[in-house]
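Quick heads-up: structures coming right below.
Next, two complexes with chain A in common: one pairs it with chain B, the other with chain C.
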Partner chain A sequence: MTVGGGATSAPAKFEPQKLRIYGIVGSLVGIYLAVVLNQATGTTVFSFIAAIGALFGVVMGANAVRRVCSYGIGTGVPSIGMLALGMGIVAALFGLNLGAQFGMDWLGPIIALIYSLIFGYVVGLIANRVMGFNIPVMEEGLTDLSGAGTLAIIAWSVAISGSLSYSSIVADVLNTGFIAIIFICGGLAILHPFNANLGPDEKQDRTLVNGVMVGGVAIVATGVCALLTQGMILGLLQIVVGFVIWYYFFVWYFRLAKRDAAAVVGTGLLPPSAL
Partner chain B sequence: MNVGPETIVYILEIVVGGLLVGIGVHFVPVGGAPAAMAQATGIGTGTVQLAAGCGLTGLLAAGLMMSVTDNLWPILATGAVGAMIMIDATMLTGSWIYAYAVGAPFASAKVNYDPITGFSQPPYVAPGTVGQGIPTVCFVSGTIGALMGGVGGAMIYYPLMLINGNPAMSAIFAIGIFFVNAVLASWNIQGTIEGFHDPKFKKWPTAFRSCLAASFILAIVAVLIIPIATSGGV
Partner chain C sequence: MDAFNMGLVAAMGALATVAGASEDIDSDIGSQSNPNSQVQLAAQVGNPHRIYNKAIAGEPPSNALWCTTAAIMAYVMITAYGMPLIFAAAAGAALAALFDGVFSVSAYIGRSASQARFNQWIYLDILRYTTPSIMAHVWITSFCIVTVSIIQVYLLTPHHPFPIPIIALIWGLTVGAIGSSVGDIHYGGEREFQWRLFGQGLNTMLSGQIVRKAEAGLRNSIDNAWFCAKFGGPATGMGFGLTVFLDNWRTAVFDPVTQSFAAIATGIFFVIVMILYNFYCELSARRKYGPYPGYKGDVAA
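== the complex of A and B ==
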């Protein structure tokens, strides 16, 4: 059940418009930079850049979840994360396939992004007009969410396959079933932050830091998949990158949790120095 | 891509599949977090988890049948049976826990008499709760919902397989369409419902319209995907 945080408008330090631009540009730059560097060097060493790029999209998505769900949608936060990834997977496959049909694989993410933004807006319209949610940020939030899901799926797919070509993504990510791992880990990275932090004391920076932290765990997961597709060393590289991101943001998140807590007391399970 | 009469049939099949999923969700007794604490009637988890569970089982069953035949009817039937087995197993084992571990009598707070067994309900509803466990009517309703969800999932999967010929891609694409429709339907019932006897069930036309629009947009792009020869990979 969703408990409304700030019922009317959740206080935000970072404007959603700014996060949207960072999210879209950051993810696209990550995807294309990884692909260009991989092609230039003839290796798949730089695939982890795409995995890091996905984190920008995740932050944009987590912020959209936060904005929409603070009104209370009645079904729990996970539903909206799964909706985001459901829209994202359709858009990603459609975009990559259409790009391949035109013979321009690099166009795939752009087509997918445009389709997903339109579709997200339409679903938002349906939710508000047909179902009568009357949440003012619904259209905007679902547009962001759909785009974030698409960018996360494409970026992590590139991180596993090492290339943007449709045929290698189908062979390395879809036929192997790794897409299911991206689906769930990406969904968690987008839906979990607000699900874990919701409540009257929810703070935007704490929620978003949590999103990057879960994104780091997702990179570890894509790294495990990359062990099979790119070999031992490159897979391990991605796992280490994911672990470093997770650790850095976990420590940061812990600091913010202590900042927002009324008091931090030990129960004896952890040594006092760990608190 | 070639637009022909079969393309229109594919679009219709995907839209009907999406609608079946959306309406099927209204039959499943979703209790959400309160039901997990035996304070509401239904299965103690959210719609999305239940839809994902029965949808994926249905898809797996339908995919298995599709590997041996191209006939639509056995594929739909297998998908329906797979989803029904999954949700019935969930409700049955959940009922054991509610009956023998939690110790709650099964009662619905939405009706005075169970429409199927005719048993009186209010005396068994604990004060401060909105029913407990999974009464007979909810069990039957859930089975009907799983049937519709399973047929819907198989009906989405079948045309996708014919269009792109890749089982993995069809499955994940079908899951995407499935999730969109299931979440829209679960928003319509605001998270919890007991089954076809629940007053909230009367809201299904809203979900019908929403899922119709969403499925149509998804179906349009689904038929644009064409098989492209793949090479390399693992």
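== the complex of A and C ==
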């Protein structure tokens, strides 16, 4: 698939710096808003806000995959997505645990984010200097990816458990095994957009819309998990939110695909030039 | 060893065989994984086609996703709502199939749209009749894998300590990896490139020159399923089924705690037998069909 590749220059309408800021701020706001509203009302009704917040991180991650992988990494797209979530899971648990040790659960996501950004940068350095990838945006890309993976994991964990406390996340997300779906669904949300649109005529807006669409699917999955941890009504609420996001962005994505494709036909033979 | 456990191990082997077969056929219908690179290349070297392009992250991660999705649904249904085990697995598999449909459709239209300059059209009829076939096979795969996980956690003694979603994730990765290495060779080697000299490998010159026309009309992905169901699918099923069955058989016969040495020795014995059998297969193939036409004798290093 390597040969498929994207355009090496990766023309972009949205600057990575802007997307990075939107990603980090959006996800953190989502996480904290959900936790604060949950605590204020004494319920877990607002957990879905954290799930929506994760989408910002996902978009930032998908854009980072797009930038790094445009340098001819085709078969490496899935690997880099898994790497992002792998780094994210370590950073998220580290940050949340450290926050709990200090007795300040709210500090967890910040510690995790800082740790993950440094972690990603170091992995990027190793990839470039030691393994010799020689991709100019590798360090920057892996920093973004690591941050995006961490934010997605924390946000979706909060969406399932309804709180930021380390003990409740361990009980609701890790011991139940729901971390598996966060890991794999989050990974797909970050890597699938570019993977699904790989090719010389890949467009940034289509790729990112696909990212949000897959994020919607992931929210459906966390909603299913929430059926167990938060009860039927709140689980269904999250499933409906995920479905609406998926549907809206799927229709959008299909519109963009129609815009970019050579032709969209109901049926037919090969293009006349190829017969 | 007791008869009930042994029966469960046999059932797990059978389920894994079915899962392996359907997993491979699912990826062949969608042209996922290794053979996907040629489907992707075809349009770029001037051969637009009517073959599905389901590029979802390679088989191991994508199957891990389907199986984990099915597993969370089944786990939630069992734990929170007391649903019978088999119904819960079926409900989970249904959700996994829906997820698969979403990902498949987005990959097909995305990849085709990104090849606009090579005149690769998006055919909606392909989406309509191929996607349900893919989803159906994913349903079978994830149902079988989740049932295996449920057996391991709830029925087999000693119960597996991991939660169902984690076990399903690992089995999903495994079935994807085995499908990718066993069955895809059959699809990529025998179906995409039908005329090759024995032992030739894929000549670089032929990259992307896949077979696009069928016996009548244009080839589509359902034709590939028909072809791969004859050998690639069953071979993958056998590979995965044997992996699950033999691995669990040795710990069912020998107690893993008191007779751990015997269990480990049996495992090593199986590995040695497999290596010898593979060696025999290779020799036998060379004897019957060889030597390789391009073979000019060993070249000194």
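What we mean here is this: the second predicted complex is superposed on the first by the 257 of 275 C-alpha atoms of A that agree within 3 Å, B and C clash if a C-alpha of one lies under 4 Å from a C-alpha of the other, contacts with A are read in each partner's own complex, and residues count from 1 in each chain.
The rule is simple: contacts are C-beta pairs under 8 Å (C-beta built on N, C-alpha and C of every residue); 3 or more make two chains touch, one makes a residue touch a chain.
Everything numeric in this text was worked out from a predicted model, so none of it was measured.
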item: Partners on chain A (chain B, chain C) - clash or fit; value: clash
item: Chain B versus chain C as contact partner of A:Val217, first or second or both or neither; value: second
item: First (chain B), second (chain C), both or neither touched by A:Ala196; value: second
item: More chain A residues in contact - chain B or chain C; value: C
item: Partner chain(s) touched by A:Leu269 [first = chain B, second = chain C, both, neither]; value: second
item: A:Val90 touches, of chain B and chain C: first, second, both or neither?; value: first
item: Which of chain B and chain C A:Asn175 touches, first, second, both or neither; value: both
item: Partner chain(s) touched by A:Ile239 [first = chain B, second = chain C, both, neither]; value: neither
item: First (chain B), second (chain C), both or neither touched by A:Leu227; value: second
item: Partner chain(s) touched by A:Pro78 [first = chain B, second = chain C, both, neither]; value: both
item: Residues of chain A that lie at the interface with chain B and also at the interface with chain C; value: 1, 74-75, 78, 82, 175-177, 179-180, 183, 228
item: Residues of chain B that touch chain A when the two form their complex; value: 1, 32-34, 46-49, 52, 166, 168-169, 172-173, 175-180, 183-184, 186-188, 190-191, 206-207, 209-210, 213-214, 217-218, 221-222, 224-226, 228-234
item: Chain B partner contacts - residues on chain A that touch it in the complex; value: 1, 73-76, 78-80, 82-83, 85-91, 93-94, 97-98, 100-101, 115, 119, 122-123, 126-127, 130-133, 161, 166-168, 170-172, 174-177, 179-180, 183, 228-229
item: Interface residues, chain C side, partner chain A - complex; value: 36-37, 40-41, 44, 46-50, 55-58, 61-62, 64-65, 68-69, 71-73, 75-76, 79-80, 95, 99, 102-103, 106-107, 109-125, 162-169, 207, 212, 218
item: List of chain A residues in touch with chain C within their complex; value: 1-4, 74-75, 77-78, 81-82, 175-181, 183-185, 187-188, 191-192, 195-203, 206, 210, 213-214, 217, 221, 224-225, 227-228, 246, 250, 253-254, 256-258, 260-271, 273-274
